[in-house]
Amino acid sequence: MDYVYGPGRNHLFVPGPVNIPEPVIRAMNRNNEDYRSPAIPALTKTLLEDVKKIFKTTSGTPFLIPTTGTGAWESALTNTLSPGDRIVSFLIGQFSLLWIDQQQRLNFNVDVVESEWGQGANLDILASKLAADTAHTIKAICIVHNETATGVTNNLATVRRILDDYGHPALLLVDGVSSICALDFRMDEWGVDVALTGSQKALSLPTGIGIVCASPKALEATKTARSVRVFFDWNDYLKFYKLGTYWPYTPSIQLLYGLKAALELIFEEGLDNVIARHKRLGTATRLAVEAWGLKNCTQKEEWYSDTVTAVLVPPYVDSTEIVRRAWKRYNLSLGLGLNKIAGKVFRIGHLGNLNELQLLGCLAGVEMLLKDVGYPVKLGSGVAAASAYLQNNIPLIPSRI
Amino acid sequence: MDYVYGPGRNHLFVPGPVNIPEPVIRAMNRNNEDYRSPAIPALTKTLLEDVKKIFKTTSGTPFLIPTTGTGAWESALTNTLSPGDRIVSFLIGQFSLLWIDQQQRLNFNVDVVESEWGQGANLDILASKLAADTAHTIKAICIVHNETATGVTNNLATVRRILDDYGHPALLLVDGVSSICALDFRMDEWGVDVALTGSQKALSLPTGIGIVCASPKALEATKTARSVRVFFDWNDYLKFYKLGTYWPYTPSIQLLYGLKAALELIFEEGLDNVIARHKRLGTATRLAVEAWGLKNCTQKEEWYSDTVTAVLVPPYVDSTEIVRRAWKRYNLSLGLGLNKIAGKVFRIGHLGNLNELQLLGCLAGVEMLLKDVGYPVKLGSGVAAASAYLQNNIPLIPSRI
Amino acid sequence: MDYVYGPGRNHLFVPGPVNIPEPVIRAMNRNNEDYRSPAIPALTKTLLEDVKKIFKTTSGTPFLIPTTGTGAWESALTNTLSPGDRIVSFLIGQFSLLWIDQQQRLNFNVDVVESEWGQGANLDILASKLAADTAHTIKAICIVHNETATGVTNNLATVRRILDDYGHPALLLVDGVSSICALDFRMDEWGVDVALTGSQKALSLPTGIGIVCASPKALEATKTARSVRVFFDWNDYLKFYKLGTYWPYTPSIQLLYGLKAALELIFEEGLDNVIARHKRLGTATRLAVEAWGLKNCTQKEEWYSDTVTAVLVPPYVDSTEIVRRAWKRYNLSLGLGLNKIAGKVFRIGHLGNLNELQLLGCLAGVEMLLKDVGYPVKLGSGVAAASAYLQNNIPLIPSRI
Amino acid sequence: MDYVYGPGRNHLFVPGPVNIPEPVIRAMNRNNEDYRSPAIPALTKTLLEDVKKIFKTTSGTPFLIPTTGTGAWESALTNTLSPGDRIVSFLIGQFSLLWIDQQQRLNFNVDVVESEWGQGANLDILASKLAADTAHTIKAICIVHNETATGVTNNLATVRRILDDYGHPALLLVDGVSSICALDFRMDEWGVDVALTGSQKALSLPTGIGIVCASPKALEATKTARSVRVFFDWNDYLKFYKLGTYWPYTPSIQLLYGLKAALELIFEEGLDNVIARHKRLGTATRLAVEAWGLKNCTQKEEWYSDTVTAVLVPPYVDSTEIVRRAWKRYNLSLGLGLNKIAGKVFRIGHLGNLNELQLLGCLAGVEMLLKDVGYPVKLGSGVAAASAYLQNNIPLIPSRI
């Protein structure tokens, strides 16, 4: 037995890793297999086709790399850029900070555009930098679609528009870790050159696959990119794609079958319905926060995230204590405030395979927690606000009509 | 894929089968084994010792029969009684009705004591019948500890006291299907002669084991009981107990390992803590029902059940529609009203491996359902009432302190 | 950890419970569900249709009873016969003995036709009894298709022919526990009135479903059968079949999904291919036994069983020691000799989801065991004989061509 | 259903990924968890202590990197070396070739010592290079302990002795992918500076953890190593080790619990018993190969591998056809010949959680395959040779005595 057993189900509301649906757990409940038999390449071929749909791309080339989001970041950078290349990168929270740290350690020349945490990427500065860069020294724009630390969603369509306005050829590299499969994401339409996510986020799998998708322009860039790379080298994958054996090294058999099951569930629900469900869960969460009299860390509605909500607590409350107590008393897992906002926010992840009553159970738990730590919340207020909205908006489950 | 897939977790609030905890699902995730190897008898021996603890008996003899509650009922009757024997049996809801039907079809002379559905067993009538029965024609008292259809818990201590008051030797046969492992149950102290439950109830396993425990007096009764029985014959078990091989026929290997894991979880939490948790969940549910302005089907507090609450709906509402809609819209499984009270009640099962936030999610769902069907509930009211109580009463999870 | 852990895979060669294929284990790896939702009846409906195929019947009515083979026997008898009814029953080994014991304890008038263990049912005596029974006092013929204790398969086509020859109306009740889904079985063609098996046999599931199929004539017989029955009463099932809810009491959700997966595997392979595979495995086993210089307990080729082989050991060897040592040294589970032939035979079960290399591993193990206990076997001899046959007869796996 | 379903169990005899034992599959059958809760760091702490035992080190520092063996290689190199550093590296087969390719692409100055495939590393040349290198320009020796492509085990104790003889300070970097947990490996005693393996090899887990262990000297080297690294940077791990949160990015929860179970099984069996079992399986395999009249690709006994045997086929046979046919006809997965020896050898992996009867089933299959492709093998000959040895050498299973 695990030494931390608590009765009933763990309520997992960190913004990743998220709940794995039972059909996916089942699909992964298996022995190893020879990945050089005809079965695994055939499975992989299907997966590579299907995974493009979650990026909304037809021209992109996907890679299923046995790594995490951090490794996926590294693959996006080293396959397309050379040391010393100038990158414009937006610092808006802990995860964009970590990516920038990686960019610097990989010896790129990072032009950091910082915003206050709780705000989105400053696209006016992007515009001015592009305007000034007539020599096209900027080789790539790096941006998180959704900053998981603050619950801020950046507007990628606008980023593309600005690039187009200036006819700037910089690559657009997007961290979609907490967005893809949950938020509206359109690789082809928005001209994203590299997009990436991790299996343990909205795809609702265990950690272990960094899913990266490269545009034709990104693939072209690999030919001149001089960053050193071996494990993360896309060309090794492409070589095996051509051979039809697909894998330069051993994949996780279990995760491949799990990915198949996860994609089947997403396509059965319909990707647009999945996105609408996340919008519903995000809206309900924000209505609860408002009813509690608390503030969203995200400063403007245009940046509200439908996958994670960072809730600001009053100065006399330590948000870390809320998270600790959630786990110790309610079997509820919430996200900590990170770095600058440690102690000041707690985070509710509402992404992946999740439904409304699960969220309402979490919100009821948060209300008790707020009371536990001395915040004068009216019990039931957040649930009431959320369910007033949800009761009007939840559709019937299509397969059960 | 199952054709009825809905996103997120199914909220299972029927009063059985109930949620299986992950460690138990894991324990059952296995191939078959030879049940005649030394391993299975050794496991069985431990299980038979441990299972006595959930009945609070030291003198009883348990049987793990590959059957359901209905089969467990049949084994209790046919092993201890002869055709024509007079039984006093209490009809207070659908499950006691079904047991009485079985008693009659097994050719016992059943003296039915009926109460209005929503009331407990009429123990005054029991007293008068025992008083009149100086010839001891009554061979057994059959009573459900907890009537699952109405959420009524009978007072077994009182039943024992009445039997003792009259020095009556009748056997006391108890259906503990929706009580044992959840409600306070004391086989030895209350002089219960046969007690039984099913694996899919508070033990939180799949269906498949009828768990029956017999007092020494019940075992003595088998010697004269002339009811025909083979599959359900305890003597076949006792013969194999003596041989040390334990099984007259093939058990489910998976359920044995599952039972081991389930008991470990119960003992880790502490049986009394498990019972306290059920009291907490039952109380919270009743507070919600009250806040909604609805009535409990159970007519008096003394009979309130901590494992299931049957909620009466107003005449203009069809409770069946609530249950149907719960499944189709909210991925919530509630219990139907049965037989006489079909359409008039819906039932919330709150037994087994369940915690408070799960229940609050369910209650939030019921509120939306009530609104869906036109009942003017104040959203959040039930959750508020329940969490006001819970926030004061939930203990820290001991393994996490 | 299980206290009897041994490295590598357990080689399960008892004639039940047998190996569960991974897709079936996966299908059962799930939480409970409400069996009164629309999902379970829909699943059940499909299962009832599909399960008829393994009996090769179109007119039969199947019952999926939460019980074991022993319970399935009881349901076959009590639903069709009345106490005192005359039955002709064949005693040819331990399992037919146990069934006869049940028949007697259920108060039927059992006319036992005994054969030496290792021989099939004496059908000449059947013929003479039927010839003499012009008054049709014989109400049923009870016969095991395959006696699991001795590895003897009876010829059911001949039984039917004899019944027809005498125009005798007796019901034909068949224990197909170790035959159905493995041996050629034709319910309709052979005029079988009740056929039954257990889930843990050739279907390769865990124990827990007694699968019983009744002919229209058997269903007609229920109307006059006066044997007492409740749990096993087919009429309760038929009532719920009509209602479309299918279950008089709680089924195992896991086993239903497991049965679905098991049937899918069988139909994907093709039932006739499954039967051919068993013939191949049985033949290979017998060739090995012959090569070892040992005798098959089955005395004539016409009775050879393709699901289990009972191997006679020389008088100076204790077969029980072989079985014990198999488990303790080789992680191999063999079947014991039972009752009269205890110590004289060990049994190799070769039924269910099993392939040729698994069998050859077992045979190699048996060779070492024989040497361990002092029998002068030539190592490799049995494997050589078996593989000489198999190498000529194994087909390509259709899905991999 | 998987489209390549074949009846019975897949016989997995590639040299990785290998069979996962049931207790490990069970341990991984779980939902995600918050890796920032107190539970996962506590688990990780234990794992880091326990994993050192399989390296036989007390002074080493382990890293559990979410990657494959290829990534583990890269972490070993980039954390300890700088671009341009001179490395002596031995090319003896496909996997050492791939590692050398990586070393070159990472811009090291690789001094390749090539042997004929089937021979071990040429340690005489190592000695002469070290002798000549009085300036200590050689910064590291890179060697595979066991070359998986040819079944050649190098003598690491000798490598250490040579280094010591010349008092040479070069780091000793060892690929133990197909050796650690199966072959005798002694990190501290042999002065190995970095050792590494992959979870899907002898640990018998799914792919997904690159397990790397660094000596104090290797950790010291990280301070001056100028190779660019972020994802693979050990210092990021060390930083989180100090914080007690252990993970710089998200680990796979499932693999952590799986690793715990895998280590428990290994320690229960006893690491030295595990190694003895591999020696037994390796010896048995080689005896079979000899009995078949075939040659081992490994040219001398001193290099024989106890984890994989590469079998040379006669020129008129295509070994690729054997592997293809194994899968298509016998549900047996064998390893292909790679690169130079494609078509010339097939490989039998005998590592991980495997026992003797499993191996004998495989050997019986190989015999039929050899016959299938026209090689005049005597069926049973290899099994006979292997079991003559095994029958004398298999110990009783300790937990079952």
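As written, the chain order gives the labels A, B, C and D, with residue 1 at the start of each chain.
The rule is short, and it goes like this: a contact is a pair of C-beta atoms (placed from the backbone, for glycine too) under 8 Å apart; a residue touches a chain by one contact, two chains touch by 3 or more.
What you are looking at is a predicted structure, and each value in this text was computed from that prediction instead of being measured.
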Candidate from A-D, A-C or A-B with the same interface as C-D, over half of contact pairs in common: A-B
Chain pair with the higher count of C-beta pairs in contact (B-C, B-D): B-C
Centre distance in Å when chain B and chain C are each reduced to the mean of their C-alpha atoms: 34
Between chain A and chain B, centroid-to-centroid distance (C-alpha), Å: 44
Inter-chain centre distance, chain B versus chain D - centres from mean C-alpha coordinates, in Å: 53
In chain B, residues with contacts to at least two other chains: 2-4, 19, 25, 29-31, 38, 327, 400
Residues of chain D touching chain B in the complex: 22, 25-27, 29-31, 38, 400
Touching residues on chain A, where the partner in the complex is chain B: 1-9, 11, 19, 21, 23, 29, 264-265, 268-269, 274, 277, 327-332, 353-362, 364-365, 367-368, 371-372, 378-381, 383-385, 387-388, 390-391, 394-397, 399-401
Of chain B, residues touching chain C in the complex: 2-4, 10, 12, 14, 16-20, 25, 28-39, 42, 66-71, 73-74, 83, 102, 105-107, 198, 200, 206-208, 227-228, 230-233, 248-255, 327, 333, 335-336
